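In the two complexes below, chain A is the common chain; its partner is chain B in one and chain C in the other.
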Partner chain A sequence: MTYTVRKFDAVVVGAGGAGLRAALQLSESGLKTAVLTKVFPTRSHTVAAQGGVAASLGNSEEDNWHWHMYDTIKGSDWLGDQDAIEFMCRQANQAVVELEHYGMPFDRVDNGKIYQRPFGGHMSNFGEKPVRRSCAAADRTGHAMLHALYQRNIKVNTQFFVEWQALDLIRDADGEVLGVVAMDMETSEVVAFHAKATIFATGGAGRVYYSSTNAFINTGDGLGMAARAGIPLEDMEFWQFHPTGVAGAGVLITEGVRGEGGILRNADGERFMERYAPNAKDLASRDVVSRSMLTEINEGRGAGPYKDYVYLDLTHLDPQVILKRLPSIHEIGIQFAGVDCLKEYIPVVPTCHYQMGGIPTNRFGQVVVTKGNDLSSPVPGFYAAGECACASVHGANRLGTNSLLDLLVFGKSSGEAAVASIRENVKAHKPLPVDAIEKSLARLDRLNTQKGGSNVHETRVLMQRTMQKHAGVFRFSQLLKEGVDKILEVAQAVARTEIQDKSKVFNTARIEALELDNLIEVAKATMISAEARKESRGAHVRDDAHDTPETPDGRDDQNWLKHTLWHRDGNRLDYKPVQMKPLSVATIELKKRTY
Partner chain B sequence: MTTPLAMRTYHFKIYRYDPDKDAKPYMQDISVVCDPMDKKLLDAMVKLKAKDDSLSFRRSCREGVCGSDAMNINGKNGLACLTDLAAFPEGKPIVLRPLPGLPVVRDLIVDMTQFFKQYLSIKPYLVNDDPLPERERLQSPEDREELNGLYECIMCACCTTACPSFWWNPDKFVGPAGLLAAYRFIADTRDQATNERLDNLEDPYRLFRCHTIMNCVDVCPKGLNPTKAIGKIKEMLVQRAV
Partner chain C sequence: MPEDRHVRLGRLRWQCRRALLELDLLFERFWQRYGDTIDLQDEAALGQLLALDDYDLWALVSGTQKIDDPQLIQMIERIRNEFVPLDHERMSDNFYFNATT
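On to the complex of A and B.
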């Protein structure tokens, strides 16, 4: 059949922080670039980031990238690749300074430099005491960043395709990526975007859990597309539960609250983090704080009528500090918790927040797969950056403010790598395979003609509840086993979803069904990878991994210091080693993780 | 310990129009049962969509920062995700319409092209041609504070589509959101294009169609004040003229 093909040098999918940063690189180089996004750029989920972006600028006290690198590796529970982590931490200052040059309205300190606040797990002198490393624009850092990046893209004339839903990756028989198939949401027209470089910056999939800080749009579209095209997903068992989601609503309360002096308290009013992390206390890393909170709740010291949350206390802080540095938190408290945080505690619970795993890449944003003996062989034409990618800088647990840094650094490096590759190979576009859009059309056709199928909303809720129950903060061997069966059952329902709305005009029922196709790949990857990893590490903590001298806190470096790779085909797992060698400094050696 | 959940049924009248099948728009009567966990209008709308999957609206962050779910709620523009369900009076249907003054694509989804065109027309990016320093440009906390109340705009279009001047001249009047963005750059001590920005707005329509009706201030879900920013631009133009 005939269909429209649009040719570009490069196609970026997603217009959050990573996509916009990559697009800048491509547009400024003069290459013909298209950015596809399912929402208007400033509606992307980067907009919701609050507390800041990490960089060892040292504006208020001594700091350096090596300390930041140490903290990131320790935070990752040694699962992060040390070369990529060194790269990111060394690029951080430049990445933040560039944003300031683009016009980002950072808060300032008296000498006119960028304001920095402490954040969980960020310490000075290799883990000694909290350091001010998070560069912030009040508690709206993501908003300020996303708008500044979008504005800069306007300046360099980036071409956007707004409200286009990417459907599938185009990958030919040689395994090369030649673009994406996408649908104009307003008209339902399906178009093949033919490109020499395809960069995925599609964000995370936090909506795979029932209770999430994430936006509705965070449905792992890039991960679903990659998995369907035969690319494995890396370390998908590692999900961050942010300590402070508003109880019930799930809305995020930034860790910056604790950076500014906020304290977690149990129902008795006790500052319980002193017992779990005597040094860093409330600023221990997120996995540690979330587990401590749930332990308090499980042991009966939770607050509220059902004793199922704890309190975040800001009432001892200067009201002027709250209104100046945390104005949105004040609003969120009133809007979503019904409390005035100047006078009352905010009820909070750990809430699904961030996906540490993703599409495997190297530090240049090139998507890598195993090819013969080469465990990280780049897939020609394919790049990924930001939350959808796994570089891997976050390993088993991400530090707060490292996500905004990740998307800046790897957004840029993936853009640079794509530019270099296109410049080196000046030849014409490799021809599209004859069946380039067939798979996408078949999926759409199936959805249009399905009779007696499953309801999209109910199936999604079933998946989310299954994930919440079987792969939550604490993991249990038996629940994980059952979880695998249950998720595979849900997957069968996802394969036969039915929509009533068949309109061609802005059909959001169809979009939600297509998003569920992507979410279920993430759910399978997560459950199967988690069931298989028989240890506790970072955010993955299970009941049958015991604390012994050989396996401190259940972490089994002998057998499990390795990255998981989940393959959709056959739900197969394999593993690859962690890169323990940094670029220029000595390896940060394994040790027991305490805060 | 289980307490019976206080369920409440909400009745809606919703503007519906699908150009693929409807000859003309109509108002749909539909209701939904909500539980105490459903706090915001958007929560109820998600339940409505589960009931009738053809109901179309934009939404994303559900916490008032992405600006997707702006609509006309009982006659006033606002964000569904920041509108309390409990505040709706019992016994009266909640009337939902698309934002006024923009073409309807479908149901509550409007074509925002004209809104974004006006935003783009004010050159919404920092202009500074000085050689780039190695580190950040310095800016005093006081100078940075000038941007508060300006940079927080989420471009939901509640203000611009509540403005009669925009309804009459959507192609010529920049509108409150665009003008707020213009002033955000004028007020930034790092920006060097103040004169060009003022030239760009010195026009009987682009800026001066604002008649301080202040609907924009009344509806802004972020509590921003475009009228004040517009007043400051007008003041600067007057000062420049003398």
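On to the complex of A and C.
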């Protein structure tokens, strides 16, 4: 059959921070570059990142990349690859300075240098005391970053395809990636984007959980496409839960609220964090606070008619401080929780926030798979960066402000690697396989003709509830086992979703069904990987992983210091070792993670 | 020829997919209530609001910033009215938590 083919040197899927940074590298190198995006670039979820971007500039006090590297490895609970982490931390200063040159309006100190503030887990002198490492543009760092990168891309003629839904990766019989199939939402036309390099920067899949801080667009499209094309997904059992999402809505209440003196209380009004973290109390690390909250709830001290949330108390703070420093929190309390936080407690629950795993890559953003004895063999023509990728720099737990750094550094390195590959190796476009778009058309056709199928919304909610209950903040052996069966059942329902609206123009029902096809791959990968990992590490905490001298806090380095790889085909798992050798310095040796 | 209403509404509806969850939640409920009754004036007002950056739009909707245009004020009020405080029904089966019971 005939179809439209658009040829580019490179095609980037996703226009958040990672996609825009990658596209900039490609376009500035003179390559003809397309960016496909579901929504207008400056409405990507990077906008929601408020905290800042980590870089050891040392503008306010002594700092260096080696300390940042140590913190990141410790934060990752030693699951992060030490070569990629060294690379990221060494690149950080340059990444921030480049952004400044692109017009990013960073906050500044009196001498004109970029202002830096402290952030959880970032310390000086190998864990000694907190250090000011986060560079921010007020509380709109991600937003300002996207605008700076987008404007810069416009200048260098990056071609944007806005409101296009990527459907499937084009991979030929040799395993090479030759582009992506995408659909124009305005017309439903399906087009093959034929490229010498394809870069996925599609963001995370936080909508896989019912309670999520993520915007609706975060449906793991890149992960679904990669999985369907036979690429494994790495370390998908690791999800970060933010302690304070508004109960019932998921809307995030920033950590800054507790920084200003906010206190968590149980139904009895007790400040329970004093029992779990006597020193840091309400400001202990995210995973510690989240688990403490859930322990309170699970032991019957939750608040509300169903005892299923706790309270965030700001009522003792000066109202002027709240209204001046935290104005949006006051509004969020009123509008999403129905409470005036000057007088009442805000109901909060731990809420899915960030995906540590993703499409496996090396530090150059090249997607890697196992090939014979080579455990990290690059897939020709395929790159990934940002939350959809797993470099792996966050390992089992990400530090705040390292996500914006990740997307800048690996957005750029993936762009650089693609430029080098195109210049040195790929002189011409390799012909598309004859069935390049067949699988995508078959999926669309199935959706258009399905009768007596399952409802998209109901099936998505079922998936989200299953994930929340069976693979949430705490993981229980029995619930995980049941969760695997349940999520595979949900997957069967996803395979037979039906839509009533068959129209071709901005058919949101069709888009949501296609997004669910991607989310379910993430759900399966998460549940199956989590069930199999019989230890506690970082964000993955199991009831049957006991604290012993050999397995401190349930972490079992002897058996589980390795990356999970989930393969869609047969839901098969295999593993590869963590890269413990950095590029130029000594290994940061394993030890118990305490703060 | 003017674009078909179905097309225009489809585009507006898609453009309600935002960067911030706060706005997604509001617009989801807005469409559930007003999807069938939106007229041309509403379309114009909504189109203007959706062209704003998310934080600017949130500032208007949350009331921390004001504007003068009566059409936009009316539309903002309708979006604001979609704020739904904590919904206990939604939480009733304790699905947030993986309690062992």
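Basically, the second predicted complex is superposed on the first by the 506 of 595 C-alpha atoms of A that agree within 3 Å, B and C clash if a C-alpha of one lies under 4 Å from a C-alpha of the other, contacts with A are read in each partner's own complex, and residues count from 1 in each chain.
Rule of thumb we're sticking to: contacts are C-beta pairs under 8 Å (C-beta built on N, C-alpha and C of every residue); 3 or more make two chains touch, one makes a residue touch a chain.
Nothing here was measured: the structure is a model prediction, and the numbers come from that model.
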item	value
Contacts of A:Gly304 with chain B and chain C, given as first, second, both or neither	second
Touching partner for A:Val97 - first (chain B), second (chain C), both, neither	first
Partner chain in contact with A:Phe106 - chain B first, chain C second, else both or neither	first
First (chain B), second (chain C), both or neither touched by A:Gln335	both
Which of chain B and chain C A:Ala144 touches, first, second, both or neither	first
Partner chain in contact with A:Leu294 - chain B first, chain C second, else both or neither	second
Partner chain in contact with A:Ala247 - chain B first, chain C second, else both or neither	second
Which of chain B and chain C A:Val505 touches, first, second, both or neither	both
Partner chain in contact with A:Arg593 - chain B first, chain C second, else both or neither	neither
Overlapping contact positions on chain A, where the chain C interface meets the chain B interface	39-40, 42-45, 47-48, 140, 143, 186, 215-217, 248-249, 251-252, 305-306, 328, 331-332, 335-336, 503, 505-508
Parts of chain C lying in touch with chain A, wherever the complex brings them together	4, 6-7, 10-11, 13-15, 17-22, 24-25, 28, 53-55, 58, 62-64, 80, 83-88, 90-92, 94-100
Residue ranges of chain B touching chain A (in the complex, touch as defined)	1, 3, 18-21, 37, 39, 49-50, 52-54, 56-68, 82, 105-106, 109, 112, 116, 120, 124-126, 128, 132, 134-141, 143-144, 147, 151-152, 154-155, 185, 188, 190-191
Residues of chain A that touch chain C when the two form their complex	38-40, 42-48, 140, 143, 163, 185-186, 210-217, 246-252, 294, 297-298, 304-306, 308-309, 327-328, 331-332, 334-339, 347, 349, 465, 468-476, 478-479, 503, 505-508, 511
Sites on chain A touched by chain B in the complex	39-40, 42-45, 47-48, 57, 93, 96-97, 100-103, 105-114, 137, 140, 143-144, 147-148, 151-152, 154-155, 186, 215-217, 248-249, 251-252, 305-306, 328, 331-332, 335-336, 455-458, 499-501, 503-509, 512
